[in-house]
Structure formats: structure tokens, C-alpha cells
Amino acid sequence: MSNRVAIVDVAQTPGSESSDNFLDQLYGVCKEVLDKTGVSREEVGCVISAASDVFHGGISCANAYYWDSGAGFLKNGSRQDGESLLAFYYGVMRILSGHFDTVLVVGICKGSENPSDDMITHFYTDPFYQRQVGLNEIFAAALQMRAYMDTYGIKEEQCAQVVVKNLGNALRNPYAHLKQRIDLEDVMQSRVLTDPLKEMECAPKSEGMVALLLASEEKAKELTEKPVWFKGFGSSMDTFYLGDRNLLESEITNAAKQAYAMAGIKDPRKEIDVAEITEPYAFQELLWCEGIGFCGPGEGGKLIESGATQMNGDIPVNPSGGVLANNPYVSRGLYRLAEVVLQIKGQAGERQLAKDVNTGLAHGTHGFAGQFHAVAIVGT
Amino acid sequence: MGKHFSTFRHDVWLPYKFAVGQVFKAFYDGLKEEKILGNQCQSCGKIFVPPRSFCPDCNVDMGDYTEVSQEGEIVTWTLAKEAFFGSPLDPPFITALIRLDGVSCDLLHLVGGFDLSDVTGVRQRIKKNRRVRAVWNDEKQGHLLDIKYFEPL
Amino acid sequence: MITFEKGGNPIIEAEARVPYELAMGPNWYRFFEGFKEEKIFGTRCNKCNRVLVPARGFCPRCFVDMNEWVEVSNEGVIISWVLTDYEYFGMPTKPPFVTAVIRLDGSDCGFMHLIGGVDLSDLNQVREIITRGTRVKAVWQKEKTGCIQDIEYFKPLSIP
Amino acid sequence: MGRAVAIIGMGQTKHGRRYDVTYPDLVREGVQAAFEDASLTPADIDGVVFGTMPSMMEGVAMTHFYFADALRAVGKPMMKTETCGTTGMSLAITGYYWVASGLADIVLVVGSEKMHEGDSQATMSTVLEPFYLRPFLAGAPGVFSMLAQSWMERYDIPEDKGREAAGKISVDHHKDAFDNPYAHIKKDLSMEDVTNGKVITYPYRLWDICPNSDGTCAVIFASEEKAKKLCARPAWVKGVGFCGDEYWYGDSDKVAWECAIDTAKQAYKQAGITNPLKELDVAEVYNPFTYVELIHYECFGFCEPGKAAEATLKGTFSRGGELPCDPSGGVLCTNPIGATALVRVAEAAMQVAGKAGDHQIDGAKTALAHGLGGVSQFNGMMILGSSL
């Protein structure tokens, strides 16, 4: 029985709109990762996908639709909905069980086909209460941002700095969707959507097909010289109604705690070399950085101002440009992981961090104001 | 680049009949009489609005309905400047979490009754802990929006 | 607004309508362009040599690109069929109708479409006319828009 | 291969038309039942797996958010597994792998559907993409009727004989359901009632087709160590299998259906089963349609290809037969779709744990549970045994 699991390689598509059909686009990315690793479709042990149905795609049981495009013909497999990092975790389980020595993990999203994420997330509401008041993700985020500002004195400019940093990083990422050279003024002057949230502080709607090949220790060593090892994982669910929650005490803390315990991490700020955080709203990068222990509660504003999360800082956050630069809603968690893997492998091209990258954190979140969080730790 | 091979417009259009259950039924009936009903957990003593069929913390069945205060404080709020799918009103409008007096959770609802056209003006007027009171619509439908909004005192 | 279902329990009725704009991509686009000339295209896999209809970009089994476009016949045989006689909300084709999986001459898989030109009121007669092996031929719409319904239906050759 | 895993608790709601409760309340009812059955509390649970038919069936997306409280999942790790009709089986398999991998010791697995709140076939038709298949296939019955036609024609089974075998399945199962307190449709039917029923999607008539049900099923999986400590009669997972087929309906042969055959092969291999008819004591075959049950008998090796009708008419798969199938009444009588395949797992576990009450198959030691889904595309299987 294998006791370690590695990510052998990754492939991803750019976030901008593609004229390709959904199925061809997915086939392309699966083919790419298989070709890169020299593994044939027949050799793949099983396929775990991450996708969402109808709402993010317009087709129910999307796993039926894309099964063969995802290399799944006559294969064992399964699918995770919600947070795509769960597909990675499930892949890890499959290998640790000893039943499979390779797992293809795919994240699937063709955002350009969908209505706005605000429309889709309106259907997350219960029909009796929150739907009648018109709740969607952006309202939940704005309520959370205001609470964050009011409670800790976080400034709007500090939140806006996250956009400047991340879109700046995205200029060097060929897979990023938004590529704009911007400054703080641009963000502060952008259109108010749900005060205090401004348009440029909200993630776009992007495409994203991503594929990762996982392998058992023995198999990984055959397939690559630079395996990236699974180190830890945690996830946690919060209660449903916004009004029952403290919007500033998120389950991210619990998710991170589990992941750190598994990975043996005691001082995350010191031990983690790079973090990719799911920040569909700019301020959330600050709040989530607090949650994973990069700084204390209420210190997110100071963290961004200190420069620590810049490419050359002591804890670079979102060198890919993050979700603000590329938001394939359904697969964005796996995009975070893919970037961390490339950084650790030293294959991040122009955006490769200058320092040694041995341990990385990938974070994903779904649901209103971060109802669910997942944290994955991988390393050399 | 765009989809130069053309696209296919496709609407998913489906009908629903949601089972309301006795608890939301009681809540809606209360709204029709200009009452905001909650209920209390027999185990932890928390009072929830809207009332619940079970306590989200203790998972026990809830006690009888009690009418709660129609006044409370703003916990957090946002001013919508754009129209969104499913929005209850045309923009601008304020969505807020409101802690009604004596209740153990926040109610998601609207704040209004004054000029919302200017963000700066609204920010001066609406703050955390600002006290508000329910304003009712004349016509009641057994719907959350039978409360027109909460207006600042 | 609350109403009551037949058991007396309170319900809220609603409809959801969510729009999508799906990319055809080069393969669907070219396939339906063929329809405008009353041609049905498949693609051949250079590994397993099968011709698959509708034409597509890759072979799901061999997982290689399929670049070789092949025109297949307008005629074929019925492999399997179903007569649908019930209706649901927003049903795209109104019942009763017969759907069949058809093996078009020159292809190696089934192609799904409607069977038409048959009186569907008498089930026994339907079963005589429509069966495995029945030869059928595409009947095209006069006006073509580049979609699957450009073929109105497939008609059994036994029907004049 | 991995750690040994057992089922130590299972709960079901009364399935049926459940307009009396909201959806979260229905979920809670099933979850509570599993906790009571296992004598556990949420504090014992390391993680929660949830899923439904992945669709807009009930008009709420990402239902695990909505049900977080009802699932007792707050503050816990969660997985959301969904694979169409096989969802329930995929849920169980997720629970199995979570424990087998050593990443969790006790996992709560919940599947649910409240089909009366939507239009099930309108929803089901959205499984079909709109470029090609959607205008032609009328929901699930449309897809699976084709299988029946192909099966009869492949093996030259006279239509009347196929009809009679399928009719017997319908009559028997609707009767079996009287002994299952959770079942939705319980009915005394005559063969004529079935064979003269209204055509829905020919050859399927009214009583060949499963109902729409509202219901929840919850199953608790545990590691060997925990199971031995916490449960007097655990149901041990002996084998699992899952296989997916191509999407385009015309691409594969669905009669001698490789996808189903391969699924069984995987599960039998792990469980060490070489002669299923002899070695299995009971099977919960996923039978949303009568003919589909017949085809799976063949794919799973319960009889020779083309011989399912004969064996069925002989009573091989009846309650007192050699391999009783679906003594619960099966999907044909109860179909809350996201829960349905998990109900098969729960029923199989109840059988080997001796907890199946009036529909207990005496002395059942090895039981098979099956799930089916997609555009006739997915099979999943779990084999349970009374001993490790």
C-alpha cells in the first residue's frame, strides 16, 4: 500500500473565452497532461472530476456529458461538486487506498457560456427566506466586507491594493484572464456595485479546464523527476443562514488547522513558501490570510501594506494573479493548486518566485461569504 | 476572439412547487398580521428569526412561536447600486443584517425610507449599530417583503 | 405566495429560467454546415478506424484527434427505437413521437433522430413498420438553419 | 488493499410524497435515523459526504450549503459527490474510500431527493445537451426504453416473453414493497394491469416505471477498529466497482453492456466472487425500469446472456428463489433519485446485518448493491458481507 501521493504534472487552459466546444476544450487539456507525463488513456487508474451542473454549464449531470472527453471511457471514476479541491482530495484517497496507482483529476468550467455568477449564486438561497430578499454571492460578500471594515478598521484602499497586486502578477501569467496594468486609483474609482464593493474588486467570469495527474509514490518516481507531494488537507462547512454566522470567524481557520496538523506545520507564515488563495472579492484575500494564520485577526490590512504578500515578499500570495485575474468559478480551487505545483516544480515561467519554493498552500472556498473552505498543502 | 463558430442559445426553464412546511407557514401568517415570529431552542435558549424547525446548533426541535421586537440594530449593510437577478427592488436599495432586540441571530432584510441616491450621504446616515424599525407594506402576501424595509429611527 | 397542494400542505410555486450561450466550436459548426447541403458527416479515427457520427474532434476510446471528415449516407438501418407518449414541462418535441438509433451506411455507431411519416395511432402497425433492421432515409427541411432539426425525420423506405 | 471498512448504521425516511416537510427537514429525518441506528452522535463523525441528482431538480443549487445544519456537518470536512442516477452509489464509494485511505475513521454518507418539488422528467431532459440529443429523448424512460428494445431483438426474445418477464418483475416488486416500511408505492397488481398499462415510452408502460419519490438515506461507514468497537453486526464492504461509458447514446453496445460487466468484474474481484448466482445471497439491483433489471441480471452474471427472461419466469430471482433480487421492492417502488442507489447499499447492509425486518432474506451473508445512471452510462456496485 502506497503511503505517499504525488502530483506528477498539470495542464490548464487560459481563462479567456475560447471558441472551442466544451467537450473539445476538456479533451485538449486531458490530452495535454497525459502527453506530458507519457501516460496513455488506458493506463490511467481512474478519473475524478470537479464540475457543477446546470447552473454552471446549462446541462444537468454534467459528468455524463463530459465523461469520455475527460478520458473516462470504461473507467472507474467519480465527481465532486462545489469546491474543486475536493476532487484532488478524493484522488488522494483513491491512491492511498491502494486501489489505483494513477488518478486523473480534472476541473471543468466554461464560464463564457454561463449567465453571471450573481444570477447563478442566487439559486444557492433557500426559496423561503434569503431568496425572497434577493441574496446572492456579491451581496453576501459586501455585507462581509463592511463588517470587516467596521470591526477592524480595514481601509478600502487596503482592499484595493489586493487588486493592484494580483492583476500585476497576472501580467506574467499566460493563463490569466484579465491582463490590465492598473493602479490604486483605477480600483478606487471603479463603479460601485454593492457598496463598499467596487467592480474591479470582484472577480471576472472565466473559462478554466485544468487537469492534474496524481500517482502513488512508486509510480510517481517513474513518471517525473520532480514529484510534488501531498502533505495535508482540511475542509470545513459553516452554518447556512448568513444571519446565524459571525461573518469574520470563518471555517477557514478550522480547515487550515486540519491541513497543518496533517502536514506537521506549526508556523505557517514561516514554513509555507507560497500561497494561492481563492479571493473572488479583493478583501477576502486579507480575511482569508488571517484565517490561515499568515497574520492575526484584523491584521490583513497591515499584511498587504507591508509588502509581505508580494512576489518578492516573505509569503507571496497569488503569484498567478489569483481569482481576481482568472475566475473559472467551478475549477478555481484546482487552478490554485496547479499554480502552487508549477511554483514548486520551478516551472512557473516569468512568474516563478525568486526564492526556493518547497511548501505551498492552495485554498478554495464556495458559498456565501465563505460558507465552505478547503485547504491543501503540497511540497517537495 | 470570441465564439466565431457561433453559439447556441439554450434556456433551462423549470417549474417548482416548494414544500413550505409548518414553520415558514406560521412565520408568513405572522407577517400578514404585522407580527415577526421567532422561536426558542429548548436546549440552548437561543431565539431564531425566522423561526426554525430545529435548532441549527443543538439539532433539537424548537419550542412555541414568540413574537419578537420589530426594532433592532444594523449589524452590517450594503448599498446596491446595480440591478441583480432576483433583487427585490430596483437599485439603489440597502440589504442589511439586522439584530432584532432579544433575538439571537441576524435577520437579512432591507433598510430604506430615505434618500439612497448618494453613497456618501448614505454612509453618513447608516452605520453599524444604527437602530431601525420595521415598516410594513399595506398589502400583505405572506412573504418576507410584507415588511417593506427597516427604517432608521 | 403560499398556495396548497392536493394534500393540503402549503407550497410556493415558482419557475426558474436561466439562459446559456453554448459554444458550437469548429466540429458542430462544420457538421451543421453540412446539413445545409443535405450532407451528414462523420469523422474517422485513424487508430481504431471507426467512423463516428455526429462528426467530432476526438475519439473517446483512443483519445486521439479525429481530423478526417467523411460523408456518410442519408440512409441507414434502425438499431433500436422508442415510442414516447407522455409529456412534461417544456418538452422540446411534442408526443407521440418515435426516436430511433440509426446505423447510417458508412458509419460505425448509432445516430439518433426521429422516425416520421408513420401513422402512430395504431401501436401494432407501428411495430410492424418500425423494427430493428428497418431501412430509413433522411427527410430534410426545406429551410435549413444549421441545427439537428434540419433533418425533419428519417422515413422508413417501405413508406412511399 | 486499503483498510477494511464496514457500515455500522443506516437510516431512511419514509419515502413518498413528502409535502408535509421542507427539504432540510426531510434530510434531517434520514440523518437522525442513521445516528439512532448506530447509537452515535455527530461528535463521532470525522466527515460528511452528501449528494443529490446533480441538477436543478429542486431549484436550489449547491444543496449541501442549504443542508449543512440538517446534515450535522457544521465545522466538519465535507465531500459533495454527484454522478447522476449513480449518485447514491458514488456517495457510498466516497465514504468507503475516505475510510479505506486512512484519512477518516467514521464518515456519514447522505443522499437525498425531493422530486415532487420539481418536474423530474423536464429536469432529467436537461441531462441531454441541446445540440443533438435533447429533442429526441424523453427524460429517463426515453433513454432506457431503447435498451429494452435492443435486448429483445439481440437475443431473439419474443416480445411477449420479454413482456411477461418484465411484468412479473413489476407484480412481484410492487407486492414486495408491502414488507418494506420505507417503500413509496405498494400495490397488488395483476399481470394484466401491467401489460395493459398506458404506454409511456414504448415498450415501457406505466407499471414498468419507477415513481418520483421524496426521501433521504443516510449510511455510516467506519474503519475496522471502530466498527468492531461500536457495532455488534457490522456490514463489511467486500468489494466496490464503478465504470463510466461514452455520452453519445449510439456509440456503445448497451445490451451486452461492457460498462455494467466491468463494474461487476471489479467488485467481484475484490470480493473474491467467482459464481455470483451461488455466492450472493441477495442483490439490490438498480431497477428504475423492469426491463433494466433483466438486462443487469445478465451483465452481472446472474444468468447467461439472453436468458434473464427465462430465469425470471422460473422464479430464480424471486423472494424464495436462488438469488432474491430487490426484496425491498427496489427502485421500481421507491425512487428519491439522489438517495436511491444509497438505499440499495443500506438495504444490502440491512440484509447482511439481519436488520431487514419483514423483507429479510433468511441467513443472508453476502449482498450486492447496484447503482445506475447517466444517459445509460454509469454503473456502480458495492458488495457487503456479514463477516470480515
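Letters A, B, C and D mark the chains as written, and numbering starts fresh at 1 in each.
Keep in mind that, in the parts below, a contact is a pair of C-beta atoms (placed from the backbone, for glycine too) under 8 Å apart; a residue touches a chain by one contact, two chains touch by 3 or more.
From a predicted model like this one, the values you see are computed outputs, not experimental measurements.
Which two chains touch most often is answered by the contact tally, and the pair is A-D.
Note: the chain lying farthest from subunit C is B, by mean C-alpha position. With centres taken as mean Cα positions, subunit D sits 29 Å from subunit C. Averaging C-alpha coordinates per chain places the centre of subunit B 39 Å away from that of subunit D.
Centroids built from CA atoms put subunit B at 31 Å from subunit A. With each centre defined as the average position of its C-alpha atoms, the distance from subunit B to subunit C rounds to 47 Å. Within subunit B, residues 3, 5, 7-8, 10, 12, 14-21, 24, 56, 143 each touch two or more of the remaining chains. Of all residues in subunit D, those touching 2 or more other chains are 19-20, 22, 24, 56, 59, 69, 74, 119, 122-123, 126, 129-131, 246-247, listed in ascending order. Residues of subunit C found to touch two or more other chains are 5, 9, 11-12, 14, 16, 18-26, 28, 60-61, 89-90, 147. Chain-to-chain contact here is organised exhaustively, every possible pair of chains being in touch. Those residues of subunit B that touch subunit D in the complex are listed here as 8, 10, 12, 14-21, 23-24, 53-54, 56, 59. Across the complex, subunit A meets subunit C through its residues 18-25, 27, 30-31, 34, 40-41, 54-55, 57-58, 68-69, 71, 73, 110, 112-115, 119-120, 123, 127-128. Those residues of subunit A that touch subunit B in the shared complex are 16-19, 54, 58, 112-113, 115-116, 118-119, 122, 125, 127-136, 138-139, 142-147, 150, 191-197, 239-244, 247.
Put simply, subunit A touches subunit D in their complex at residues 1, 46-47, 52-55, 58-69, 72-83, 86, 89-90, 92-99, 120-121, 123-128, 233-240, 251, 254-255, 258, 366-368, 371-372.
If you check the complex, the residues on subunit D that touch subunit C are 17, 19-20, 56, 59, 119-122, 125, 129-139, 141-142, 145-147, 149-150, 153, 159, 198-202, 246-251.
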